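Just so it is clear, A, B, C and D label the chains in written order, and each chain counts residues from 1 on its own.
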Amino acid sequence: MNEILVIDNVTKRFGGLIANSNISFAVERGKIIGLIGPNGAGKTTLFNCISCYYSADGGKILYEGKDITRETPDGICRMGIGQTFQIVRIFREMTVLENIMIGAFLRNPGRKKAEEKASEVAALFGFSEKLDLKASSLTISEQKRLEVARAMATGPKVLLLDEMMAGLNIHEIREAIDLVLKLRESGITLILVEHVMEGVMPIADKVVVLDDGEKIAEGTPDEVVYNDRVIQAYFGDKYHAKRRKNTA
Amino acid sequence: MKKGLVILLVFFAALVIYPFIFKNPFPRHLLIMIMLYGTMGIGWNIIGGYAGQVSFGNAAFFGVGAYTTAILLSKYGINPWIGMLLGCFFSSLVAVIVGYPCFRLRGHYFAIATIAVGEIVQILFTNWEYAGAAVGIYIPILEESFFNFQFHTTKLPYYYIVLAMLAFALLVCYAVEKSRLGYYFRAIKDDPEGARSLGINIQNYKLVAFILSAILTSVCGTFYAMYVLYIHPANTIDLWLSIHLCIIALIGGLGKIFGPVIGAFIFIPLTEFTRVYLGSEGQGIDLIIYALIIILLATLRPQGLWGIFAKSSS
Amino acid sequence: MKKIFRMFCLSLLVLSFASFAYAQEEIKIGVIYPLTGPLASTGQVLLEGVKLAAEIVNGNYNLNMPLAKGEGLPKLKGAKIKIIPGDHQGKPEVGMAEAERLITQEKVVAILGCYNSSVTATASQATERYGIPFVNESSTSPTLTDRGFKWFFRTTPHDGLFSENFFMFLRDLSKKKKVGANTIALFAENTLFGSDSVKYQTKYAEKYGFKLVGTVLYPAKSTQLTSEVQKLKGMNPKVVMQTAYIADAILSMKTYRELNFAPEAILANDAGFIDPEFVKSLGKDANYILSREVWAKDLAKKKPMIKIVADMFEKRTGKHMDGTSSRAFTAMIVLADAINRAGSTEPAKIQEALLKTNIKADQLVMPWDGVKFDPKTHQNMLGKGIIVQVQNGEYVTVWPFNLATKQIVWPFPKWEGR
Amino acid sequence: MEGVLAQTLASGLLIGFVYALVAVGLTMIFGVMDIVNFAHGEYLMISMYFSYWFFILFGMDPLYSLPAITLIMFGIGIITYYIAIRPIINAPMLSQIFVTFGLLIFLRGVAQFLWKVDYRMIPETLASGNINLAGIYIGRPQLVAAVGAILCYGVILWFLKNTKTGMALEAVAEDKEAARLMGINSNRMFALSWGIGIATVGIAGVLLSTFFYVFPEVGGAFCLIAFVVVALGGFGSVVGAFLAGIIVGLVEVVSGYLIDPSFKFMFVLALYLAVVFIRPQGLMGK
């Protein structure tokens, strides 16, 4: 079975508002999946359903064949799904090493072991020199990297990254892209939720596009970029019409 | 770290030797109270300082510990040491029953819910005929012995028992801080959602912290009952007791092992002396001074005196 | 290593900061009262009572009272009494600690206190351990003297006797006035004082053949008492027997008036109802309340000495003397008398002298038959209560009828048209 | 029986309005700046003393001195904010709790120092007496206080919904950052919330002083109830506090009458716990 995560007909409502309606797609092992869409498309809601902060009102989410729709965020982490947050949620009062240790403790209950594991992960993410710094003293891009490192320390098979590239400059986006590619090489499945298309398109193996709570497209980046509904969703009717004329 | 250990050992050695040099009972009593509050302060620090859940209900555990021992001894003649263990058991039970729903509440909601719980426990004991209701329980005077946990001619054994309790509490706290528990508690305090995302069941870990806190407080309740030999709801399950525990932890430094001990060493003598020297005329000046100290500490030094101490020594 | 040693010495020094004791010059007597906290106003009044007694003992006054004439204690070369106050804030463990502090730091020869029964319970345990006489002036919980302590003495009658007084009064009254006050409701705060009183009142109601129509207990911290008074109203008793501290005493009176509740009599159990603040706060709404008392200023008509002492008290404090301050005053006189007769400050001798105490009724500012301790329980056997009524803002004695200075107003007038 | 029940409900309702008025300042301060003022009851006490002294020294009835005392309390609120609260706006929650705790002890100490620990009460005011409504007795002071509370709530709600300043206050409560970007001076709004919050508890104190005694620790009992009211209604919700105040008053009186007065507070507290366990944000909280 090559599909590590299956989103099956997921629907989420807030009162009368439907944030996600019947969304389905599958995530293959070891791939990078981009989840994109304009503001208010329902990306974050879907992300929160997958990471179990919300439980879907309809449909199912399967992880390695198991239904995780009603799991808790900590539960799925123990099962092997790590995640980061849109707005960084590092432990600000702790040091860099301690932050990563909190993740490492999940599979290494002893402090010595956890510290070793954390140092390893820290080295991988380029934090070797900054182990004893207070996390709050890092730059935003470093903080985002720390969050990924921390999640990686829990030893996940799937990593959910929420708007990892938002707020970063071009140089930092490059670094982030390198990091994601490196993670894929190590066999991790990644789901990237991004508002900015530029960050995701070059690296994603598959892209799922949401608009207005519905899935409007799914496919390789190339396929998706030329999808009419995607263009319409991102650039509106006018642009869509103009482009039509040009190609015609 | 080495230096810290030396200071700690010297401190304990001084406490052990002190009664051999100074025989005056009042300062001994004072030290007993300091160590008792220090132990409870450490208990509070685990839930409040490390795990960041501000509890104003810890007096309930103190009361449960004191009452369990007193009821078992006065009604069934059960040895107070067994009462102490059973007190810990019942306190843990209360911690679970109360903690499970309360930990869904955040920040101020949690703090006020714990006030409500503490008050409810007090009302229950005030009206519970079996437990002596408002009259409370006079603990039967037994022969003086360690086994009976009663000493009438000297305070010395009480002194060493509470010293051992303090040492035990410090060890528990040390073990917590250096293990996964301590890290998880701090993570939960720092960012609960972040902690959840790393596989920490925050509800369960908060409960663990609450139970540890309950046990350390309950032991002190038993000690108090055997020390004063008379308990009633107003002096064992009092909101102000809970508040004093927070103040002690705050003065010393939140989430620092030694913080509550320092806090108790400052707070208890401060209240004693302002009371003795300023309070006897009932002028309220003692309260004013005491309040100003708390405000200044909270405003200027949120990390407590331990923070100042650690800074100057490093 | 040297550094460590120095640190060690320093720690010991810090720990010993409170260890210094002072040399003894006068006869020091520790007096422990709630001088801060919610009961502080009562504590202050009690302390003033004790201080006045010490002043009379120390100075030269022409009063028919032990030790009033001539300065100081004659058998101790005119030594003077010095009061060392201690504050227990209403907390039992603080009371115990204060007793220990006074005994060991201040070297007091005896202790007097503590008003609250719960504090007296623990403080007297300390004096029992140290073998120091403890004279209690106004804690009325009967259990205190049932403990059979060797060093504990109580001058005031306890709640058992006081409760019986209520029923003796009602019985006498029904004989004299032919009023049928036969249904009674009990109304009390639910801490030690209230619940203990209710226990004894229930017991004596049965013994004296009165019908108890109900009991209402409420938390002393209440911000309102409407539902409680509703319940009382529903029971429709002829007499309400009430036990309350000052705060709830005021509150209940306000609520009676608000809800227009006026039984034939409100028979109150001392404490809040005889606090000087009671009449001051309520004004004319305080009128016609009956309370058991241990003392009243109008007793002076029978004992002129009472007026002299009460005036001295008023001059000192600006407050009227009352049942609490007069009892504190009396306890101090009893204690000073014993120390004088002992001719020594040795605790055992004072204890012995206390046991031999025999003060006559006319030497007291109390309506008692005297002071004489039961050899076993050390309870004053000659104590006695009175019943007073507030008439025109003054407490006047209405029972026992032989001591009464005014006619009793019965029944309690309706609120309308007052 | 019906008459008794009606009487009980009336009493509960009346005291409920007073609880609501005591609590509204607490909830406002919390709503605007996320600080729980543990010294809230002490401001009630201070205002009751003002009312008492105005009566004793100048013979002014509480109902006449009400406007002056409200103004004074408004000033005291602002001063408190600038001296004690402003330095800890960004401090951790626990520091904030302790500063207001310190204030509580401080104000009690000051009251003890200035006015001693005696219980004091205004014996007779314009509002004294009671009204007989078809067998239901209503204390006039309680009625005056209840009407005062309702008027006060009306004014506050009108102020919040219809004036520029009021709307700015609400905006700050909603989102501090956004309010700052919109050019609202949040510091002034914080000060204002303290001013109004303390002024309302001042009004409550004056009205209360017509039928309740004052002593330095009088705030304690009311403060605990105010906490329950605020938490039950939802921190920061003015309307919630109003509803919760009435609920608490009714539950206290009715459970005291029907079950056992010894447990009346327990029922109030248990109700509160039950509500927040089901709705952690309280009845009307966000």
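Simple rule for what comes next: a contact is a pair of C-beta atoms (placed from the backbone, for glycine too) under 8 Å apart; a residue touches a chain by one contact, two chains touch by 3 or more.
Predicted model, so just to flag it, every value in this text is computed and none were measured.
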item	value
Other chains in touch with both subunit A and subunit D	B
Chain closest to the middle [Cα centroid of all protein chains]	B
Most distant chain from subunit C, judged by the mean position of its C-alpha atoms	A
Whole-Å gap separating subunit C and subunit D, where each centre is the average of the chain's CA atoms	37
Geometric centre distance via CA averages, subunit D-subunit B, whole Å	32
Gap in Å, rounded to a whole number, between the CA centres of subunit B and subunit A	44
Sites on subunit C at which at least two other chains make contact	36, 40, 44, 190, 217, 219
Overlap residues in subunit D, where contacts from two or more other chains coincide	112, 116-117, 260, 262, 265
Per-residue multi-chain contacts in subunit A, two or more chains	none
Pairwise chain contacts, counting only pairs that touch as defined	A-B, B-C, B-D, C-D
Interface residues, subunit A side, partner subunit B - complex	51, 72-75, 77-78, 82-85, 89-94, 98, 101-103, 105-106, 109-111, 114, 150-151, 154
For the subunit D and subunit C complex, residues of the former touching the latter	4, 7-8, 11-12, 15, 112, 116-121, 123-124, 130, 132, 137-139, 142, 211-213, 215, 217, 220-222, 225, 252-257, 260-262, 264-265
Residues of subunit B defined as touching subunit C within the complex	6-7, 10-11, 13-15, 17-18, 21-22, 24-27, 29-31, 33, 123, 126-127, 133-136, 138, 152-153, 224, 227-230, 232, 234-235, 269, 272, 275-276, 279-282, 284, 286-287
Subunit D to subunit B touching residues, read off their complex	30, 36, 84, 87-88, 91-99, 101-106, 108-113, 116-117, 216, 224, 227-228, 231, 235, 260, 262-263, 265-266, 269-270, 272-273, 276-277, 280-282
List of subunit B residues in touch with subunit A within their complex	178-180, 183-184, 186-187, 190-191, 193-202
